[in-house]
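The structure follows.
Each chain gets a letter, A, B, C and D, in the order it is written, and its residues are counted from 1.
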Amino acid sequence: MLGYSLRRLGFLLLTVLLTSVIIFSVTQWLPGDVCRIILGREAGEKALDACRQDLGLEAPLPVQYLRWLADFSGGDWGQSFSTRTDIFPLVMQRLLNSLRLAVLTLLISVPLAVGLGVLAGLNEGKLVDNLISIGSLSVVGLPEFVTGILLIQLFSFELRRWGLPSLPANSSIRPEAGFVESLPSLILPAITATLVLLAYIARLTRSGVLEEMKQSYVRTADLKGLPRHIVVVRHILPNALLPTITVIAISFGWLISGLVVIENVFNYPGLGRLLVFAIDRRDLPLMQAVALVTVVGFALANLVADLVYALLNPRIRYTEGN
Amino acid sequence: MINEKTAPALNIKDLCVAYQQEGEWWEAVHEVSLQIQPGEIYGLVGESGSGKTTLALAVLRYLGKNGMIRQGKIELSGVDLVQLQPAEMRKLWGHQMALIPQNPQSSLNPAMRVGDQIAEVYRHTQDMETGEARHKAVEMLREVNIPDPGRVTLSYPHQLSGGMQQRVLIAMALSSNPSLLILDEPTTNLDVTTQATILDLLRSLIEQRQTAALYITHNLAVVAQMCRRAGVLYAGRLVEEAFINELFARPLHPYTQGLLESMPRLGDHKDSVRLRAIEGRAPVFGDIPSGCVFRPRCPIANEICETNPPLSVLPEGRKVRCHRWEVSLNEAGRSHLPDGRSDRNTTEKHQLQPLLSLEGVSVHYPLKRSLREVVRREPKRAVRAVEGMDLKILSGQTLGLVGESGSGKSTLARATLGVVDKTAGTIELLGIQLPDKLSRRTLDTLRKVQSVFQNPEEALNPYLTVGEILQRPMMTLLGWSRQEAIGRVPDLLRAVRLPAMYAERLPTQLSGGEKQRVAIARASAAKPNLLICDEPVSALDVSVQASILNLLEDLQAEHGNSLLFISHDMAVVGFLADTIAVIYLGELVEIAETGDLFKSPYHPYTEALLSAIPGTKVESRRVAAPLVGEIPSPIEKPGGCPFHSRCPRLVGEICKRQPPPWQSQQGSSKRYLCHIPWEELQAQQGDIQGFEISRG
Amino acid sequence: GRVGATQPAPAAPTQGQSVSAEPRSERNGILRVAMQPIVQADPAFISSDSEVLVANHVYDYLVDIDPASKVIPRLAVDWQIENDGLTYVFTLAEGVQFHDGSPLTAQDVVWTFNRLRDPELELPTADLYSNIADIQATGELEVTFILNQPNPFFLYDLSDNHALVLKANTQDAATKFNGTGPFKVTSYSPEDRIILEANKDYYIQDLPKLEGVEILFFNDENAAVDALRSGQVDLVMRMSTALFTSLQDEPGIYTLDIPTNGFDLVRLRSDREPGDDPRVIQAFKLATDREAILQLVQQGYGAVGRDSPIGPMYTQYYSEETPIPERDVQAARQLLSEAGYPQGLDIVLHTPDTGGRPDLAVVLKEQWAEAGINVEVSVEPESVYYGEERWLEVDLGITGWGSRPYPQFYLDVMLKCEAVWNESHFCDPEFDELTTTAGTSLDEAQQAEAYQKIQQILIERGPVIIPYFFAQFAAISDKFQGFELKPFAGRTDFRLVNLQE
Amino acid sequence: MATHTGAAPSRGRRFVSQLRRLYAVPTAAFGTTVFVLFLALALLGPWIAPYGANQQDYQGARMAPSSLHWFGTDHLGRDVFSRVLLGAGEILWLSGGGTLLAVLCGTAIGLLSGYLGGWLDELIMRLFDSLLALPALLLALLMLGILGASAWSVLIVMVVVYTPIVARVVRSVVLSVKTRGFVEAARLQGESLGWILFREILPSVLPTLAVETAVRFSYGIFLVASLGFLGVGVQPPSPNWGLMVKEARQTISQTPWALYYPAGAISILVIGVNLMADGLKRIFQTRHD
């Protein structure tokens, strides 16, 4: 297990390193003069030159990359070109916001989705299954921006119009707001994200359950005379939910920074919105930092998934590494 | 011991089971009646698809959603199971009936410790405390002869070998002390040696407990060894039922006769015996013939067979479902060839050129080292699948290769074909050394060595027609134009006894045997000098197996090609091969001309293999103990004699420390690798023979 | 309900919800304002209205402009113009303190303006202040500016958006906010929000009346309006007409709009094909239906433009003497054909993604298509479009120009031959001469005449189309009073706003 | 079950029979019908749309649905029905084209990489892992930043974002197929690489590929619409449904219909394609059990 974990960790580092090269090169390709963007449309040539010198943009690209990588891994994330503030605290604060949203979303969606998936799987072909399947497939078809807009109309404006307590349409939160304070702002984006995940996880769980129900060991368990619920809980679920774990972890990665559209609709200050801001302003260091944090987060989520998977799956736990 | 007068434990009457497929219901089991007494093992044999498992599942009331019991009764101790509700069945499952399934690996929950899986039965069906249940589990494991049961309870299924897993399942099935045990091919996926021990175990357990058992298998020899009575199932119909001795001595139904005659027995050889295959193939969903279902394949069918045959009940508890059983009784018998049928055997062996010779061939699959091993600078390890192999195949001859699973048979074949790289040694074809890599071999070399694989299902591209498949080797290896190649396809099909119109078919429209024939046709299309057949019949039913073996033999007679024939079935190898090599853990342990191989002395491993074959009897001065344990890991092979860890004739320390010498003697082509000298071993061993079960 | 109706300027000093007259010592309320994110914090570099808005409350101008475009005192309580308009002497208010506690002195003002005009630093304002010969602290609280040439708009120039007074020798204006202004920055979270609290030591007693201002950043106008609707912000000043009209029936929200001198400019580069052919320029103009554009894009708010930046708000200069030719698609086709485009003309129309500009582009595409001008629209983020100087490069583009209190500015920076932002690359000696006259003459009549001629030239041969002058919108929660909308949103003054009891 | 007599059905017949199986599942039948319907609308759109995509009527802006304008008009007086109709073509060709290109590239790479194995395979897979470690939308945004917003850029983005996914799926099938007997037999017969890849292996990949294509396609529709909504994809006045939603959001209280119709169109199309993909999955997976 230790060997397995170390090897996974190695893969993670490799992936992150490769991605950092991709990110660096991609951002270098972005058109536009960084200094012109930093100094705004009103700056003169001389100031621009000084700025380029300042940022070390004159050096050859590999040198710039290595310098960036060294600084970055050393914790020196530099200053944002556009806002001229330190990147590290900024990104960390957004990461925290993203994590909040991600955690809340998972808290809502995972139990719900897994529950629905199991229910559908166990009742394959019956009415419940069909209802859940059709329901989840329909939800899959709703783009986040449509759901988001509809939710705002409904839960912010309509409720308000009727004088009922309503949820905020705009989810921007104070930087120092605690989880409880930010909760109302989190609800609508979390529901929107949940709707995206729900169907996905539920369908996966369902097929996992169906897949396992076909296995011979379930027949063995049934023929042992075990009560049905024991067969389900002790035999089917532990195996059926394994693939779900991986997907949840991947979703976690997506939740951290893939919520660009949702953050945009609700104006939620997460990493996704920050990245769009950075791209719009050609703020290379900020862009690189956000992208890399995303990748690391994503890779970590995958690592955790792999490890949990291995931990729950004796076939991996006991064959690798010893 | 078994009293026919007492009420049967299981009484099946007129059972019809149907499946729904593509919206239609069709009967997979049709009007089957049978009784099993307490303490009796009733054998049910039949080809794949004949409905054996369906019957078993119907008895258990565990048919899938698309299966249903159309009519009939299944009485277990007088209770008709067909009438029971699912919840009531669940109670019976835990107490009165149990199943020992075919695939032990997939029948155990991979994510749960073995001990818990057994203890669970006690906890939930017998309301035991956890601790007590655990204790009982250990006890149960001990009862099925598992060494160190305490440790095994803590293992996960994948950590156990197939034989151990099967023991666990047996323990589990017996833990509820059922009055009916259903065994669905419980040893089919195991090695002969393991199978032998499991069969022994099962027999003694059933005897002890006086359980009624329904034993399902397609292996007639196993039935012969295990059961008191047996029924033969064909296309869902019970066509014959009798006491074992009767059944084998005097089969009445043409189908049963066919089955028995298509099976090569230990000691049969192609030079003296021609196998009789059952023509055609078993009916499947959609085209079950009217009247007698066996009619299309029956050699003695006439017009009367177009009506449903009645079940004739004969004395001595025999039943047969055939219009013409009296006729069939006279027409039976396999064709014994006149001596010296083939002239190739008259050629002296030493005059033949070696076609292929392997010298010191080793194949190691390197293992990836774990990080810890790299850090600790531990040496690189490898699976030593084949080691120091010296073999020759003479032109026009057949070399048979036998050995347990994992002994390196396939690896050797693949190294010869060039699909795996050998680690050491040389492979020469007609005196020219072959390059390792397939890509470096010339088209001519490729043409000279072709192969047929084990699994016919995978052998043919499902998206190409038979014609397309057969054209290719002629186009690539012989450089023919497409037109020329197409022109030859009917000839090829004819050669493998398939109608020419099969060229149009897709592989999915062929049966397993037909697929294997096409694969053989493809392999022989470019007239190879050497055909390598890696277990070409082990996935096939006996009746089909016979026709493939006949085919291989005919082709060889026609083309004069050599054959490297791999099998784990001694009888099959013995039938086809001129020379047999026995390998163990990647090493050659014994080699002899076929006739000599079946004469003692045997290498202890060969002896074990032979005596483990069901339906063999050993006339031995000292009965060899069955093999203990499993084949060791080829990663850490035992030193000295590779077989010493399991050898029933262990001499002493010398076996562990010193590699044994080759033993041989004038007048015999046999050589074997052992510390025990020829005479001594011969004195210890008797000759091993197949049961004379059918030559009545 | 709709409160601030369109009113002709110059208007009463208060518009919309009027300032409550009673000065009260107690501050109350925090005003939450939605704005697009700020990027520049150093006053010398600011340009967007949100940047100006922040600076305007953290710092003070020497003089300020009222909604009617009149110059009014700010840090300078009084001034004298001497020596035929070449010397300006300002008296500074007493008791002004920077947020760090140090007092404001004349030196600070001198340093600030010297920095802005220093040719070495190449700040955007250098050109604007090149006319200044010298600046002197002529007393503790007295500053004297000496000009090379008379400049009738000098006071306006001093109230340029960038001309906020910093502490002398400030080095880190980009990250530190040390002003004298009515609010102090307590926290700045880039791209998210900036939080201001009232400066208790503000030199004008009882001001500001708010406890604080929170400026929340929105990249998306829709999100901002949604936030206003659901009560998370109190004030939105940047939104498309469509959004603005959608707010008019919203309970609890006042909508205000005023006409401005701001406009969207459609310009064709005149120094290369196809814009170097006057017939092409005319074809574009003839193919444009200004009234329809005003109706569709601005939903009728604002005023139809006449292709010159001298808008109807500048009553003393605006002229309708030269008629704008009627839309004539046939004539436009004819002209294009004569200019060598008988099959029509393919061209990309670039536009920033803000306000109604994408809509304008889309409408133009449709109108011009009838005349055989096939436009491909390219919408770009404002920051990229301006940031990369693409806006100065492209053949055909749309630019938004914010409202200024005097028209000379536009001519100087945008249309003169050597103008820094001569995006249309227009160069016309007659035009330049007239512009110089208008910008230096102290004779009002002469000025007016020059401006009138300029308008004529632009209509006849200027490579620009100004389809409309837009209105400035604001929507504010009815909990607040004292809000006064200005033509340029950035110069909105929150000092008088407070929460209604 | 195959019939045992008669010649092999032609490939065309097999396609028809698979389509029939698709129609045997009600949800899949619905999905396929929706897709085909949208496809038909997309093809016929230019002929049946009553107005042009950008045809404006400034007298008739912001009109509620009526017999004249079935879906009403938007804030610029454009007929929403016509725009939705014409948008079908736009979104289908963009997402369909992008998907197909990505499937082509991904299949080629997956086949080669999976079959050849070795360090090249390792390298490509590591690279793809890294690409996939970035959420698709972020990668898309970064690339659109480079390429500039246009329909072509969206196409390229789809290829870059989806190729690794398709390649990995194809590769995994190749890995399992290449150890099959028939591939080995082909190698032993000295078949060329091309033959082995395209005639021996590819057909077995096709069922999985069909399912994957349908799934990618539904995500592709999403991506194109989302990019439109974010305003970084295709440019106005294109009747991209996402872009229409973005534009209509500004006027949601004045012209809600301009938002709901395109939003509904996206949803129905994606649901349809999803149901179809689901059906394909069922057909092909049961076949390979």
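The working rule: contacts are C-beta pairs under 8 Å (C-beta built on N, C-alpha and C of every residue); 3 or more make two chains touch, one makes a residue touch a chain.
None of the values given here were measured: they were computed from a predicted structure.
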| item | value |
| --- | --- |
| Target subunit D, source subunit A, minimum contact steps | 1 |
| Of A-C and A-B, whichever chain pair has more C-beta contact pairs | A-C |
| Inter-chain centre distance, subunit B versus subunit C - centres from mean C-alpha coordinates, in Å | 90 |
| Subunit A and subunit C: spacing of chain centres that average the CA atoms, whole Å | 41 |
| Centre-to-centre distance between subunit B and subunit A (centres being mean Cα positions), rounded to whole Å | 52 |
| Distance between chain centroids, defined by C-alpha means - subunit B, subunit D (Å) | 48 |
| Sites on subunit A at which at least two other chains make contact | 31, 264, 276, 282 |
| For subunit D, residues contacting two or more additional chains | 148, 249, 252 |
| Junction residues of subunit C, two or more chains touched | none |
| Every chain pair meeting the contact rule | A-B, A-C, A-D, B-D, C-D |
| Touch list for subunit D against partner subunit A, complex | 27, 126-127, 129-131, 133-138, 141-143, 145-146, 148, 218, 222, 225-226, 229-230, 242, 245-246, 249, 252, 259, 263, 266-272, 274-275, 278 |
| In the complex with subunit A, residue positions of subunit B that touch it | 60, 62, 65, 90-95, 97-99, 101, 103, 106-112, 120-121, 124-125, 156, 158-159, 169, 172, 176, 370-372 |
| Residues on subunit D engaged by subunit B in the complex (per definition of touch) | 1-4, 7-8, 180-182, 184-191, 199-200, 203-204 |
| Subunit A residues touching subunit B - in the complex, by the definition given at the top | 2-3, 6-7, 10, 125, 215-217, 219-228, 230, 234-235, 238-239, 312-315, 318-321 |
| Complex interface listing, subunit A residues touching subunit D | 14-16, 18-19, 22-23, 26-27, 29-31, 133-134, 137-138, 140-146, 149, 153, 253-254, 257-258, 260-261, 264, 272, 275-276, 279, 282, 287, 291, 294-295, 298-299 |
